[in-house]
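Alright, structures below, take your time with them.
What follows is a pair of complexes built around chain A, which joins chain B in one and chain C in the other.
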Partner chain A sequence: MGFYIVQFLTGLASASALFLVASGLSIIFGVTRIVNFAHGAFYMLGAYVAFTLTERLSGAFGFWGGIVLAALAVAIIGVLVEMLLLRRIYSSPELFQLLATFGLTLMVEDLVVLIWGPDDLLGRRAPGFRGAVEMFGQNVPSYDLFMIVLGPVVLGILWLLFHRTRWGILVRAATQDRDMVAALGVNQKWLFTSVFGAGVFLAALGGALQIPRDAVHHALDLRIIVEVFVVVVIGGLGSITGAFVAAVLVAELNAFGILVFPKISIILVFLVMAVVLIVRPWGLFGKPEAAARKTPGLSVRPWQPLSQNERIAFAVGVVLAALLPLIAGNYALAVGAEIAIFVIFAASLHFLMSVGGLASFGHAAYFGLGAYGVAFLAKIAGLPMIVCLALGPLLGLFGAAIFGFFAIQLSGVYFAMLTLAFAQIVWSIAFQWVPVTGGDNGILSIWPETWAAGPARFYWLSLAVAVAVVGLLRVIVFSPFGYALRGTRDSLLRSESIGIDAKRIQWTAFVIAGTAAGIGGSLFAYLKGSVFPDNIGIGLSVDALVMVLLGGVETVSGAVVGAIVFKALSIWLVSQTDWSKLILGGVIVLIVVAFPKGIVGMIETWRARSDAPSSKSAALAASQPEGAE
Partner chain B sequence: MSEAPRLLFVEGLNKSYGGVHAVRNVSFSVAPGEILALIGPNGAGKTTCFNMLNGQTPADSGRVVLRGQDISGKQPREVWRLGVGRTFQITATYSSMTVRENVQVALISFQSKLFSMLNATQRFANDEADRLLGLVGMEGYAARPCGELAYGDLKRLELAIALANDPKLLLMDEPTAGMAPRERVELMRLTAQIAREKEIGVLFTEHDMDVVFEHADRIIVLNRGAIISEGSPDQVRNDPQVKAVYLGDGLVFGHAEAHA
Partner chain C sequence: MKRRDLLIGASLFGATFAAALAGSATGALAQAEIKIGEINSYSALPAFTEPYRKGWQLAVEEINAAGGVNGKKIVVISKDDGGKPADALTAANELVEKEKVAMLAGTFLSNIGLAVSDFANQKKVFFLAAEPLTDAITWSKGNRYTFRLRPSNYMQAAMLVDEAAKLPAKRWATIAPNYEYGQSAVGVFKKLLSAKRPDIEWVDEQWPPLGKIDAGPVVQATAAAKPDAILNVMFGADLVKLVREGNTRGTFKDRSVVSFLTGEPEYLDPLKDETPEGWIVTGYPWNDIQIPEHDKFLKAYQAKYNDYPRLGSIVGYQTIKAAAAILAKAGSEDTDKMIAAAEGITMPSPFGEITFRKIDHQSTLGAFVGKTAQKDGKGVMTGSAYRNGKDYLPSDAEVSTLRPKE
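For the complex of A and B:
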């Protein structure tokens, strides 16, 4: 009995840190409507800065002062980020805001390694809370007890702040209706900035307070952000009470889940999240979100199937690509095959995101499932390659069918967070279920059979599959189904009022996109000869998003162009520098702020502009006889 | 109520939001080919009524019967499949598509081809789409991006979309709002003509009293969620209760618009 109580107390202690970070995210979202992906990065920065300060400053005051100073310092960084970056993208689509803040996260990950080095850092114990207290025959670290008390205290302070101060009342008003607050003469700019600073302070404080409990390392950011996303999805974005309740719930599920399913404890959290989403899609304390923002100014003109000339150009491109083995060496062909595979991956995400308006932040899950599918079939069942390639993607299909069913119940930022959490769950299973997946060691030596072996043959195989998948997706985009899907993106209200079951359409699209990603993944397993949990990682999901974004979200062929450019660039970059994340993050931020239309979008805009005068009169002239017929 | 066969029969609809009774105990019916106007000042409960008819908003109590079938509690898409077309107060169209494609999607849905993935939409029911656009006088706009249309044209496009499933009943929420005066008259004349020809019942809300009194066969006046008057335009025009409660002074009727 005592053991369970102590386990419960440990859970509560973790819940406090989780609550600090989640409440910060919630406050920021409530007012600015931005889901701050960089929140995990600020948490990590808080921990690193606190580590340095507590090492330098001595004594009890040095420790506690260092913690608070660290949180303040990071909050100032947050304020600068808000003023320099976020102010430019408040009216952008959610996807861009998520991506920009993710770009920041990437940059911070490399920056902390640059400054503090790649090794884990062990911080000081907290003065006054070094020992343990004996309770129920077990030792409970006294610092845990401190954390347990801290959580509710912070909740109380926040409550007072929001109900007893002018600033707090403005924040609550802005959470309900920020346009109204602006109309009443409140300076929105500084309200947003101060709220962002306060949210970042909470995140950094959460990170700083963790140093006596946990080592500081440069992967803390993604670990915490996924947990925090789960917390706010369960509790409801924008609700501090919700963040508190959900943080306790999630932390306790983790604490006891380890006892029930030691290997895959995260499953328990997932099940609870699924139940909450079915019963209350906007979380326990959340409110339904307004419709997602459209992407004004990004669309160029209505999508059209390829014209005759474009078809010829496309065919010539494919033929030229097929001739590559005549001139290129083995390394270039391996790169070429990888690019072809990522074209498939990006096109599958494009289908879901650009056509369906569902920006998945966890699309790598289905890519990785396809790869593991092949690995299981080839290594465990020992099936021939062609069968593995045909059946491997089915694992992606099943995964997409299950997760997609829950994900499409939501939209906008909730959809993004949920897909990310699902991908992280698949990753954890691959990582933790060692007997089946090999864990971190992956599954090795999955080599192609002779007919596809060798760089040239495998390159041709990848190219052929890529052309087939991209072609098929394109056909679907312009099919009745594709239009119905685009309709659910443009106007749900209209779709429902002309008899379209939007959820079924979106679910089907999710399954199609997941299966296509799985096809890419199964080729990838043969290309690399192995599969690892990294094939499911957040990094890969974001690569896909960046490919689509780089090519142009609002274009049909953007994904293909984006994948080719991005993959070629990133392979080159990794070979040139150790700080590829820093550069990649910078590139993402730059695209979002300066080139939101992407490569293809810009080309189309130029084309539209150059033939605008003639096309307008042509359209007018054409409309006359058409009307007369 | 009337001898004419009923197309739509509404009985005892109620809806409250918190302490506000948006709609209370509303009952009426619509006959095939009949044009019925639902009027009342802002906040009278017109749009709430509409949303309950096609399932957009669930009613607290009451029944909606369409051609003998109880449709209360059905989803909007199910109601549409039973032959109810709808246009919106604030237009809802597919802004990334052309005008013709907007109509085509409705036809795709009507012909149950939503999951057809290997055919080209470009070749799907073009003639039918153009015929519907012709009905509302938009044949010249077929290839235009929907996002470029003026508001009045969007309203006409919505009418074409609403006609795509060969409806038995049209629900039009403020069909002429945002249109120029001449366009208003034309659109309603067109609607009336289509309704008479195809025996479609039309239920519409409207703020423009010229439009209402010229085109409606019958008028229902709502105030604070309840029906306060019902009858032919002449009856309603002369109803002292309507004058007192709704208009304040009867002079507004007939000439000017009531900017309620």
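For the complex of A and C:
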């Protein structure tokens, strides 16, 4: 019995650590709607700065002072980031801030190695909390007890702050209805800045408080960020109490789960999230999201099929790309094929995000399923390549059909997180089911047959498939089905009232996008000659999001440009420099500032402006940026 | 206006592809050099790969100062794989197709090592795997183009089992990261130890995810099974968390612990004054080695970098030294000749003489086995002895059944 109580206490200590970071993310998201991917980076910075300060300052005061100072210092960095970067893009399409914070995260990962060196750092233990206390015949670290108390204390302070101060009341009001708060004359700018600063403070504090039990290293951010998002979503967006309950739930299930299933940790949080979201679509303590009031920028400048001239330009581009093997070497062709494959992948997510308004955070699942589909067919069934390419994507289709059915019951960030949970479940199956999938050592030797072997042939194959998929997706956008899908995106209520079966339409769109991603994955398996769980991983899903946002989410085919730019840039940087993340992150941040609607989105806006006198709709579009303030 | 936009659009479309080409024009080779393509997880695992890089840079310097190989200078072209197999393959392709390297070398993670090994097999390129520990790379997925330097998972397990079998402990628990390396380390260790000591029982296993250990509950759950001894395979930041929790909770008190890799400076040094006493570990006690070749290496390394070597430094150094030895014996950069030269080649190393076995392309480089201890608030290995890799491999008959027929 004593053991179970102590295990419970240990779980509570883990929960407190998780809650500190999650609460910061929750208030940032609740008010600013920023999906702050950099939250983990701020957590890591908090740990690094606290390490330096606690090594320099002496005594108990030095240690605890160092922790608080570190959190404050990082919060100031957060405030600067908000003022210099995020303020510029609040009127950008939804999720665009994700791109900016993703760029920052990449930069921070390299910067900490540059500043603090590559070695893992061991911080000091907390003065007064070095040892253990004996309870029920077991040793409980006194620092755990400190954390167990700290969690509820922070929860209490936050509650008081939100319910007893004017600032807190404004924050809660903004969480419920930002536009109304703005209309009532509250200076949103400073409200957002202060909320962002407070959230970053909590993240950095969470990181700083880990130094007595963890090592400080450059991968701390990735270790925490996804888990924290999950906790926030399980709890319900914007609900601090929800985040606390969710943190306790996740930590305790893990503490007791490992007693029965020692391998459960790898997937537990995602399983919990999937179950919670299916049963309670807005998390434990969340409320249904109010329908977006803002008219999407798109409906101001409706999409149009390509004009005759644009078609010619597109055809010229394809022909130019097809002529590449005449001048390029084998390596350039392999890179070209990889870019073409990522064009397919990005275009498939773009279709779901832009046309369907359904941003998936787990789109790599279907890419990876396509790749594994090919691997199974080629290695286990021994089928010829052409059959594998045709049938492999079906695994992506099946996956999308099953997961899509559940996912489309939700919307917004909850939809995104459920897709993420499904992707992680697929990933963990690929990772764990060693006899079938080879686990993380993957499946090897899936090389193309002679007709497609050789860099030029494989490049042409990939290019042809990419052109076909992108073209087909465009045809679908301008088909009756595409119009119906856009209807469900722009107004679910109105589209249903005119007789559109919204859920069926969205489900179909999800399956189309999943299948298209599977086609990309199938080609990818042959390009690399192997498949790994990496092909399903979060990293790849994030890459796809970045490509779509970079191209411009409010465009018909911006993802094509986004994929080419991102993939070419990252392959080139990784090859040329050891600090590719720093430079790539910097470039992304610059692009975010220069092209706040994505590359293609901005080009279209400029074109619309220059054509302004000729058409009424374009004139409206030109006035849009001012109107959106 | 319109037309200009379209032109820009069309040219943009092809421009990115063209940009990738610009680099490929630099393919013209200077005749008097041999290019070795090297890939490792520099950005993902800097704690290991920075000393590793210093190691191979020292080797290149020494080789070229002594006149190079076959009258040519050695040039190493190094690429980062970001810890991802797919990116490692892109890099391997660049090195082979664009840089026209004579051979590939490097890699750290097992899955990347396997991916590059399969690529080498497909492209018929010589590949000298530096670090990946998986047994598959020389056995179940071995191929004629791939050789491996470091002692494999099996070899390190066998070295530790020798010591573990001497312990009185009967109840064993395991803690290992939940991925292929952890799984096969535990698998081999269990098999070998149970064979030597049929009287022991395995009472608990914990599989925290790599890099994400929630150490408190894991340590607590392990202790609850009341084991006499614990096998640990965690390393890096996970190890730090595990050791700190275990120290605070007294989990390691009065228990034997056998631990993979913990004696390597990369993993031992961050533990500082938390270093547990008396763990039986494999590692690299750099300041406590009485081998003349090592003295020479140590002096050269410290003179060049004003820092002490980590195990990564040894691996990086010996990888390039081995590459040079193979090239010199082959007398050519022809792949088949290099394979013929590498099979059975014997060469000096900082750990003494090593041989790349003909039967499975595994080198006989060994490791040091000793016990952890604290000295002046720092972790050290004491009582360590070098275990020659050749003594810890299965019989030739068994190995030949493990490798696919060519």
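Note that the second predicted complex is superposed on the first by the 488 of 629 C-alpha atoms of A that agree within 3 Å, B and C clash if a C-alpha of one lies under 4 Å from a C-alpha of the other, contacts with A are read in each partner's own complex, and residues count from 1 in each chain.
Just so we're on the same page, a residue touches a chain if its C-beta (ideal position, glycine included) is under 8 Å from a C-beta of that chain, and two chains touch if they have at least 3 such contacts.
Keep in mind that this is a model prediction, so the values were computed, not measured.
Undergrad: Touching A:G11, do we find chain B (first), chain C (second), both, or neither?
TA: second
Undergrad: Using the superposition on chain A described above, determine whether A:S580 touches chain B (first), chain C (second), both, or neither.
TA: second
Undergrad: Touching A:E55, do we find chain B (first), chain C (second), both, or neither?
TA: Once the two structures are laid over each other on A, A:E55 reaches no partner at all.
Undergrad: Based on the superposed arrangement, let me know which partner A:V475 touches: chain B (first), chain C (second), both, or neither?
TA: First partner only.
Undergrad: So in the superposed three-chain picture, is A:P118 touching just chain B, just chain C, both, or none of them (first/second/both/neither)?
TA: Only chain C is touched by A:P118; chain B is not.
Undergrad: Mind working out whether A:I339 is in touch with chain B, chain C, both or neither, as first, second, both or neither?
TA: A:I339 contacts chain C only, not chain B.
Undergrad: Touching A:E496 in the superposition: chain B (first), chain C (second), both, neither?
TA: first
Undergrad: Who does A:P302 touch here: chain B (first), chain C (second), both, or neither?
TA: First partner only.
Undergrad: Which chain, chain B or chain C, is in touch with more residues of chain A?
TA: Higher number of touched chain A residues: C.
Undergrad: Same chain A residues contacting chain B and chain C, which ones?
TA: none
Undergrad: Going by the contact rule set out above, which residues of chain C touch chain A in the complex?
TA: 1-3, 5-7, 9-10, 12-14, 16-17, 19-21, 24, 27, 42-44, 46-47, 49-50, 79-80, 82, 84-87, 89-91, 93-94, 97-98, 110-111, 114-115, 118-119, 121-122, 134, 136, 141, 178-180, 183, 204-209, 211-212, 214-218, 220-221, 223-224, 236-237, 240-241, 244-245, 248-250, 266, 269-272, 274
Undergrad: In their complex, what parts of chain A are in touch with chain B?
TA: 294, 299, 301-303, 305, 475-476, 478-484, 486-487, 489-491, 493-494, 496-501, 505, 508, 619, 622-624, 626-627, 629
Undergrad: For chain A, which residues count as touching chain C in their complex?
TA: Against chain C, the touching part of chain A is residues 3, 6-7, 10-11, 13-14, 109-110, 113, 118-122, 130-132, 138-141, 143-144, 212-215, 217-220, 223, 227, 251, 254-255, 258-259, 262-263, 265-266, 309-310, 312-314, 316-318, 320-321, 324, 327-332, 334-336, 338-339, 431-432, 434, 439-442, 444-445, 447, 455, 524, 528-530, 532, 534-535, 539, 561, 564-565, 568, 571-572, 574-575, 578-581, 607, 610-611.
Undergrad: Considering only the defined contacts, which chain B positions touch chain A in the complex?
TA: 54, 56, 75-78, 80-81, 86, 88, 92-98, 101, 104-106, 108-110, 113-122, 124, 139-147, 161, 164-165
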